[in-house]
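The two complexes that follow have chain A in common; it is paired with chain B in the first and with chain C in the second.
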Partner chain A sequence: MLDKLLKKHETYLFLIIIAYAVVVTSVNRSFMTFENLFDILRSGAGMGILAMGVLVALLSGGIDVSFTAVAISGGYIAVRVIMATGVDNLFAAFAISCSIGIVLGLINGLIISYFKLPTLIATLGTLNVFHGALTTFVGTESVNARQMPSCFVNFGSAKIITLVSEQGSKYGLSVFVIPLVAVIVLTWFILRFTMLGRGIYALGSNRESAKRAGFNITALQLFVYSYIGFLAGVMGVVFVSEVRWVNPVTLIGTELTVIAAVVIGGTKLTGGSGTILGTLLGVAIVTILYNTLVFLGLSAAWNNFFVGIIIIISIGITSYRNRIKNRKSLSFKT
Partner chain B sequence: MSDRKLLKIKDTKIWILAFIMIGVIFVLALVLSGKFLTLRNFQSMAYQFPEFGLLALAMTIAMITGGIDLSVIATANLTGIIAAIIMTNYVNAENAGNPAALLFVVLAIIAALVTAAACGLLNGVLISLVGVPPILATLGTMIFYSGIGMAVTKGIGVVGFPESFLEIGAGKLSLFPIPLLIFIGCALVISFILNKTSFGLKLCLVGANPTASLFSGINNKVVIINTYMITGLLAGISSIIMISRFNSAKVGYGDTYLLQAILVAVLGGIDPYGGYGKVSGVVMGIIILQVLQNAFTLFGFTPYAKGLIWGLMLILVMIINFVTSRYQERSKILRMKDQGVIE
Partner chain C sequence: MNDDFLIVDNVSKSYVGVHALKNVDLKISSGSIHCLVGENGSGKSTLIKAIAGVIPIDSGEIIINGKTYTHLHAIDSIREGIQVIYQDLSLFPNLTVAENISLIQMVEERKKFISWNEMEQIARRELDRIGIRLKVDDLVEDLSMANRQIVAIVRALTQDARLIVMDEPTTALTKGEIDSLFSLISDLKNNGISTLFVSHKLSEVLAISEKVAVLRDGMMVGDFETSDLDTNRLVFHMTGKEIVHSIFQYQGKKSGEPPLLELKDLTKKPNYSDINLSLFRGEILGITGLLGSGRTELALSLFGLNRPESGQIWIDGRFQTMRRPGDAIRAGISYLPEDRHSQGLFLQQSIGNNLIVTILSRILNKLRVISEKKKLESMNRYVRELRIKTPTLDTPAESLSGGNQQRVLFGKWLATDPKIFILDGPTVGIDIASKSEIHQLIKKLAQGGMGIIVISDEINEVFHNCNRILVMKNGRIAAEVDPQHTTEQELTDLVEKKNGVAS
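Then we have the complex of A and B:
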């Protein structure tokens, strides 16, 4: 049982996290507190939601870099619509943002499935198109905390459990974990228990075989990209509530970090292989690194350096093991 | 269908591109005649596009081998920062005149190129020896190199270069700006390598079908490592032009060039799946893009509107490629049916 555990990629990720936690706690005791943990959970929730979408896209053998544009479009338009119409309901916000997300995701899916374009370049194009369309047609006015409708502000500060720290300040587990957990469970359910999920894995492993097995490739791809759009819509509302200041130019530029987190988690870029647990551990590593290097006395300027090293080492190990496995079966594809 | 006819089809892509380029310049000259058709405008374009053009050339070479290099911008940034640090540490306003300063400028340039080649080497090793897919390898190295740059500069720009260095970015030889000459030189060298050397042919073969080239006796690993080292070197040369023009080196310069570099490569006829590409196509793509960029600035578009147009163009170009290749395949099959080769 132990050697089966040692073969899994997730075990190594877990060990990295434990090792890092031990090192940092020995330098600065406040790392190992509930306050810090809740803080990490709060900032990682958004990335976690997006990472589930990226996981599904990678599993299907494609890639999507346009999700941040979809997320900020959904969030920003939701804020503006609610400000304009005065309907101060959180569910309305989610509904608006998620529908925009699904529509934009469908556009992605249509372009990719009908024209068979390479997914990286197609979504790189739609990233700029969505972002450019948002800033050109909807505008670039920012909305700050005072103008933000109360449903977002309340969502951002609501907590499930509230505790009091030694210094007497209150902190708590943010309500953001609810959408995060819901998204995780939904993704897990789709991937594990539905034919759709089976189809996604099949499409990613071998597109031709999946087609001959009877899967409808076009429908699968449309689902995958609209699902990412839907999740991006959810994340848009979470992001807007978390940051409490929204402007169409934020969030863009972070997509490669999310993809890096998913890839650290052991998901293969060629598709067909990847787990939710691995993705979550990858997101955890990236979030923890981004948030807690300050505990070691390193400024935020060092973030990319360490994340870059972890990415290189992690995918280096995964790819090398994959290559050894391929050579054993005399496949020279990679 | 003979091989010569296949080549003709691909060559027509270049002619179409040339036609589009002349068409675009013509239309813009008509619409914006006063501001566009001046020597100053052309010269200012000729100062601006070489740094981007070299990055696009680098991306092209990586794409011909079937990969992609997301780290060219980060490599350029990092090498620029390193050259800048060497220059500002050893050369300041007092001793800028004496010959030792010139030595340090040359040293900085050499250091930049060596770093650039090393960055490319890491990419090549990760892709060929470790077996990481190019997107992921260059994604990781992109974050890593920008991380090094960020950690070293803490986000602050490095400023204050000696006059002799600034000549690179601002000087001209009669009518021609020096950056333009550097770019033309590099483009000619790359074109020569791709068309007339065996290395260039091996590059295309590895891109077209790595398994077949491996079994044909080509050392894929050496080809890929050399490819990414060339990519790195081009990024290094680009960075020298960039920091000379801006008189500073900072993290984040050139980030918007990534999408444009891919767009230019695809526009220039590079097959993203690898195996085919011509430098002439890419150069024409660069000219089209620079001219359009210039025109958009004259029209007053925001950077986001420009990004919208680049994104639309990228998708449109790829759709057109898809449709024409389907059409060519269909006509090829029809012709074979006519000739009775297949029924």
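Then we have the complex of A and C:
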């Protein structure tokens, strides 16, 4: 039993988190509080949603770097439309944002399937095209907290549980966890219980074999990229509600952090291998580091440094274990 | 005949400028065992892919079960009962055995949701049907080659297959496993399932098949009854030429001459143990044995890639430690690997670059920069001497035929002027004409004084090209044989018998 646990990448991630928690708590006791935990959950919810999408893309043997542009497009347009039409309804917001997400995702999927472009190049291109289109055709007006429609503001401040701290201030678990959990469950269900999910793993594992087995590669790819678009749409609404100040130039540039979290979680960049638990742990590590290095007295400038170290350690562990396995069987595949 | 399951009628297929298939006809009847042979480049893979519906044909028809198809799709072919097991097995390495076995069935049944229980049950049931024990939860990438082959075959059988096409299925199997495979194919026949077996190993082709279809340069030379064929006639149909075999004559060692290579009690568990051998100048020493006997592991140790635990390596009377390939190369050893694609060639680099990569330090000019003149001289020299067929020096290595790729590898190592050349499976997957030319090359090198070790599965090859043959079993040297005083059959028996009892 212990043997099997030690073989799993997720075990090492758990250990890293626990070790970190112990170190930080010994320096600053306020790390181990519900308040901090709720805070981390709220900050990490958006990244968690996007990470599920990146996981699916990587599993299929591809990659998508355009999701931030899709997310901000969805979110920003939803805000502007609601401001313009006065339909102050959260579900309308999600509907608008997710529809935009699916459409943009489909564009990615079509480019990748029909032009057979490498996924990195294609989505790098669409990242810029979507972003450019947003700023050119929709505008660059920022929307600040006063102008923000109330559905977003309420969503951003709503809590599931509310507690009172020792100092008497109120804090609570943000409702952001609801879309996060919903996305996780949906992704888990698709990957584990549907042929669609198996097809994605097959495609990432061995594309030619998947073709020969009769899988419809085009349909699979269209699904993968639309799904990411959909998730980006969800995250877009979460993001604008969280930040309460939205401008089309934000969020872009954070793609690599999300991808880093997924990779830390043990997902192979070559495809076919990766787990939801691992991805969530990866997101947890990155979010915790970003949020709590201040507890150690380190400024935000140290965030990237530590995330970088964790990436290297995490990939290093997997890579090392792989090499030992190969060396034993004299297979020189590095 | 009306119980022909598959009829390929006048099928042609071209790729840009190249006719892969020209007016090919083939008939496969139900419950028959058919073999497809042909040199590399003859069109075998293209024909298989056409039958499987993976590539479209330019003209002609494919008639399966009486139904005519001009545009066959993979899913149609699968539904009609044609299952292809490609040489790379087309498995999903990151998925489990159970998933690999059941997935195709689920795709074919257009299922939307999967039940893990069901997949496991299907897998176990199919494995039991064939009588194989495998853990269905294991990831395929962790399985041995033979077990992967079994998974591929079991997968093919879950589909109510009527025709199973196997592309070079025996390359990585032991003799025992090959026998099991053949009895499986006979069982299939008794159940009305046809097998189309593509192979380079002519002895196997003649042993298992009822009919042999021969392709040459994209055209079907003929579909022969196996009983009308023997090896020479088959080779003649495949190449259009007669190939002559001659035994290698060793000059004999000069008196008092120390061995070029001497191994004393070399051991590396669990690969091999207590290896003692000597190799003299001008000898071609053959090492043969079943899969897993330790031959390649021993060769890797001589090249610094598998450091031995104990024992000694002496080269030309001097003790050597082999920690890395650099040590071996400096000591005058060259090694031609089993897998030339992933371990020998730089596939995307030009042929020229592949040829000089081992002697970069020797083609520098006074400024320690690579001299164009010396570089071209070396490249051209080896292309000429080895008769490498290529349009230019800049052609990427991956576009050459197997035989020519092997020549490039020979060139690359000969450029280092080795004293000892270890060849691991030097003619695997190479067409017959090139094979015999490479054998000539090896003999010429030996006559020039090089000590050569040939590691091979093919009894025929070691028999006609070595003056001494060592048989390895379970990591030890079990016997030494002189081809001038034995027959091929005796050697085959020696290799295959288990613990003194002929299998």
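Here is the rule we use: the second predicted complex is superposed on the first by the 320 of 334 C-alpha atoms of A that agree within 3 Å, B and C clash if a C-alpha of one lies under 4 Å from a C-alpha of the other, contacts with A are read in each partner's own complex, and residues count from 1 in each chain.
Definition applied: contacts are C-beta pairs under 8 Å (C-beta built on N, C-alpha and C of every residue); 3 or more make two chains touch, one makes a residue touch a chain.
Please read these numbers as outputs of a predicted model, since none were measured by experiment.
Novice: Specify the outcome, clash or fit, for chain B and chain C once both structures are aligned onto chain A.
Specialist: Aligned through their shared chain, the two binders clash on chain A.
Novice: Please determine whether it is chain B or chain C that touches the greater number of chain A residues.
Specialist: B
Novice: May I ask you to decide whether A:L90 touches chain B, chain C, both, or neither, giving the answer as first, second, both or neither?
Specialist: In the superposition, A:L90 contacts neither chain B nor chain C.
Novice: Mind working out whether A:I311 is in touch with chain B, chain C, both or neither, as first, second, both or neither?
Specialist: Touch partner of A:I311: chain B, not chain C.
Novice: When the two structures are overlaid on chain A, which partner does A:K116 contact: first (chain B), second (chain C), both, or neither?
Specialist: first
Novice: Pick one for A:N303: touches chain B only (first), chain C only (second), both, or neither.
Specialist: A:N303 contacts chain B only, not chain C.
Novice: For A:A133, select first, second, both or neither according to whether it touches chain B, chain C, the two together, or no partner.
Specialist: The answer is first: A:A133 touches chain B but not chain C.
Novice: Applying the document's definition of touch, where does A:S209 land relative to chain B and chain C: first, second, both, or neither?
Specialist: A:S209 contacts chain C only, not chain B.
Novice: State whether A:L281 touches chain B only (first), chain C only (second), both chains, or neither.
Specialist: Neither partner.
Novice: Which region of chain C runs into chain B, 290-298, 344-352, 398-406 or 452-460, after the two models are superposed?
Specialist: 344-352
Novice: From the superposed pair, tell me which chain A residues show up as contacts to chain B and also as contacts to chain C.
Specialist: 332-333
Novice: Give the list of chain B residues in touch with chain A in this complex.
Specialist: It is residues 68, 70, 126, 130-133, 135-137, 139-148, 150-151, 153-155, 210-211, 214-215, 255, 259, 262-263, 266, 272-273, 302, 304-312, 314-315, 318-319, 322 of chain B that touch chain A.
Novice: Quick one: in the complex, what on chain C touches chain A?
Specialist: Contact set of chain C toward chain A: 52, 54, 74-75, 78, 84, 86, 88, 90-95, 99, 103-104, 106-108, 111-114, 271, 296-297, 300, 305-306, 342-343.
Novice: In their complex, what parts of chain A are in touch with chain B?
Specialist: Listed in rising order, the residues of chain A that touch chain B are 63, 111, 115-118, 120-122, 124-129, 131-133, 135-136, 140, 249, 253, 256-257, 259-260, 263, 269-270, 299, 301-309, 311-312, 315-316, 319-320, 322-323, 332-334.
Novice: Tell me, which parts of chain A touch chain C in their complex?
Specialist: Listed in rising order, the residues of chain A that touch chain C are 193-199, 201-202, 204-206, 208-215, 272-273, 330, 332-333.
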